[in-house]
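Okay, got some structures for you below.
Presented sequentially are two complexes of chain A, the first with chain B as partner and the second with chain C.
Right after this comes the complex of A and B.
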């Protein structure tokens, strides 16, 4: 998956969680900038990514994720490890 | 004090004796919290009957379990004892590795632990997460978040109330079973059951044995605000957009 495709996947999952179809995300987006993107919805997003992409995050991997770009980096590493 | 005494189930105790016991418990709790050395905290843990600890260890590691408690009732030694009993578990709090400043990490780590039958401990009356409603405890409105019921629901965990209580010259542990999500139960329905259980346990504690009723700052402020016709809100460090009053105590 390209970074753009991962970004689109993250956006779609988060839009569904937040019930906000017009949600727009960029790699520099942070949870603080998005209405209702709180810690619970962040965990829902991570679980959604696990289910969609068939891998499991460990807690240590998701510590201190600063923005969407950092999450894309992590997803890319997980996908690479699968191949 | 007048308000809580009016609610006590121990009304056979005189007002003076009741207050004396509450003040003693509060002083003891504050002393343990502020001046308690690691050795003292360890001694409290050692003082709890081994058979009771072993039984609770088995109970909380035999299936996914979320233990809940509150900011009162010897909360610091309780957290320390839990961490000592379950070194692979997770204690979510205001400080430490699983602190509220990275709520998503703390929740995710707790989910990982609970799914692996390593219990997590949370205090839903704290300032962890975004305010999502209020519960009514003896008439006082307490803003709460959804972190604890969410964690239990997403892991299908059994919820238990985890209490450290004074007994004779030492302490003992008590675990009371709470709700577990039913198959297919919607989150909102489980959250309501979860908070009914939590309110029951809180009211049991606040109306119960005064020797086990050390009053925390947060709860003094919560009941004080109620008597003044207000709602006390703690400062929430994780993405809260609804901050009206502030407190650093936790």
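Right after this comes the complex of A and C.
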């Protein structure tokens, strides 16, 4: 998956969780900038990504993700480890 | 099909337009409650549960009353992150007849909320408070091998008790308590059960005390320990999701946990189903009694195929013992359907166990309505167990209030599906419950309630049926011979032919033969019909219908109409002017006594033994509209076109 595709996947899952179809997301977006993106919705996003892409995060991986770009980095690493 | 409760396999996959229907639910206020309950009756992903929960909340705000859903305000106190459960709880509650409103306390505020009279939970005027705590909150999350383990259990339960009492005192609210699953962290191994301070021993002790506490305090009990055991505790607990998000159990288990809580809320609101309606052939016994006879049924212990049905019968009897009414709804001749109950030595179910016995050829929705009426209970009190997916679909479409579990192909799982689906959840059990079934005058001789068939046009069109006609051939030979020799009920002449004779028919110039296959959106039903016509030597423009037989599985689908349309069109191609049909009565084929009459034939004569002869002029016949598309494997006519035009497509039938 390219970074663009991962970004699109993250956007779609989050748009669904936040019930906001027109959600705009870039690599530099942070949770603070997006309305309702609280810690609970962050958990839903991470679990949604796990189910969508068929891997499991470890407890340490999901800590301290500073923005969407950092999450994309992590997802890329997880996908790479699968192959 | 799945055989794990975690997948809720007794529910169907949600339809493609689920999200749209959630958004539009409640546009007509009177239908809002029914629509929401309908949408809740699918297997929902967390995303779909969220969509439905939004719809429920929106409808609650806009309409207030969501009849027939009963309102319920529930507080949630949790020692962990409960927020991820809430949408699933609302969705599952709607499935079980409850319009749930949730007031959730912040993370890990159980004690503070309970003891503060002015807290959110104590001032919210709730119907109940769920206290969702586990071994961690009870401080039973590590072994205590000294002599203090008993005290530790007592202390944990005592704290829970004080919370329950505080909620009663300040908010006048009953509690819903949870039992505690044992994490699979063996210390000694099997010996854990025998060591007082092991986690297993302590939690077992705590669970007994929690059960007593629920009873003493007038609260309710959600047996999470039993649920986790069913799912498997390795799948229940997720150490990563606990460490990272403080989820008390795996997010994968949320739908089944929510469903169990939904059942409990439904039971509190009196929504528990009261009556189990059983199909007979291939549900209560293996085989088709009308065709296979009592001796040919699979119903013996020790025989793997028979065990499946014994298990279904035992399950039904156990439910009856606790007060669930039993009824029969089967497409059968009534006398034939009753025979196994009277004659088969291994039948556990007897006629006197049933409060209603509907065996006839009328559609099942009409029969279920008759059962509900006769027993004076609502349609929403019925559960139908039926192996036939087309019957299930018909009942769901016509009567969405009736619960109809999906079933896998392997009947060995039927009993598990029925019990795991939790239609009969209860919050009390009394002597009256056991006596109630007897009060439904279990009269073995009770005659069936008269029913009137309903219009099935739309349902039939929705089946997307495809019918395929072909002359006898080597490929179909074995099955053709089997049908000819096995079919008893829908069989006009009951003439039997060997496989060798069938092979000879394939090339016989004086014969017209037809094998018929049917498929629908649920799958391929295989070969389901046979016609053999003979030209009369003395009158070559007449066909005598030597044999006409059909599998009872496809009754009520206009298959016989389609077969006649095809026979007539082939007759025309061959210059045939007249069809002669014969009905020869047998002990089992009374259901087709008026077969030719229904198809528009005229009676020519009837003899003393009730054999009747019927005639149809080919020129006078006009094919009816049919709810299926046809395919034909006969040689093309002189124009070179393989004709199909007698068939209307399913699309046209729907539009018409």
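Of note:
In this section, the second predicted complex is superposed on the first by the 83 of 83 C-alpha atoms of A that agree within 3 Å, B and C clash if a C-alpha of one lies under 4 Å from a C-alpha of the other, contacts with A are read in each partner's own complex, and residues count from 1 in each chain.
Convention: contacts are C-beta pairs under 8 Å (C-beta built on N, C-alpha and C of every residue); 3 or more make two chains touch, one makes a residue touch a chain.
Computed from a prediction, not measured in an experiment: that's the story for all the values here.
In the superposed model, A:37 makes contact with chain B only, not with chain C. Residue contacts after overlaying the shared chain place A:16 against chain C, while chain B stays out of touching range.
When the shared chain is aligned, no partner comes close enough to touch A:82: not chain B, not chain C. In the superposition on chain A, A:24 makes contact with neither chain B nor chain C. Using the contact criterion defined above for the overlaid structures, shared-chain residue A:64 touches chain B, although it does not reach chain C.
In the superposition on chain A, A:47 contacts both chain B and chain C. In the superposition on chain A, the residues of chain A contacted by chain B and by chain C overlap at 40, 43, 46-47, 57-59, 62-63. By the touch criterion stated above, chain A contacts chain B in their complex at residues 31-32, 37-40, 42-43, 46-47, 57-59, 62-65. Chain B makes touch with chain A in their complex at residues 102-109, 111-113, 129-130, 145-147, 150, 154, 238-239. Here chain A touches chain C in the complex through residues 16-17, 19, 40, 43-44, 46-48, 56-59, 62-63, going by the rule given at the top. Chain contact summary for the complex, chain C toward chain A: residues 46-47, 50, 54, 81, 83-84, 239-241, 243-245, 247, 251.
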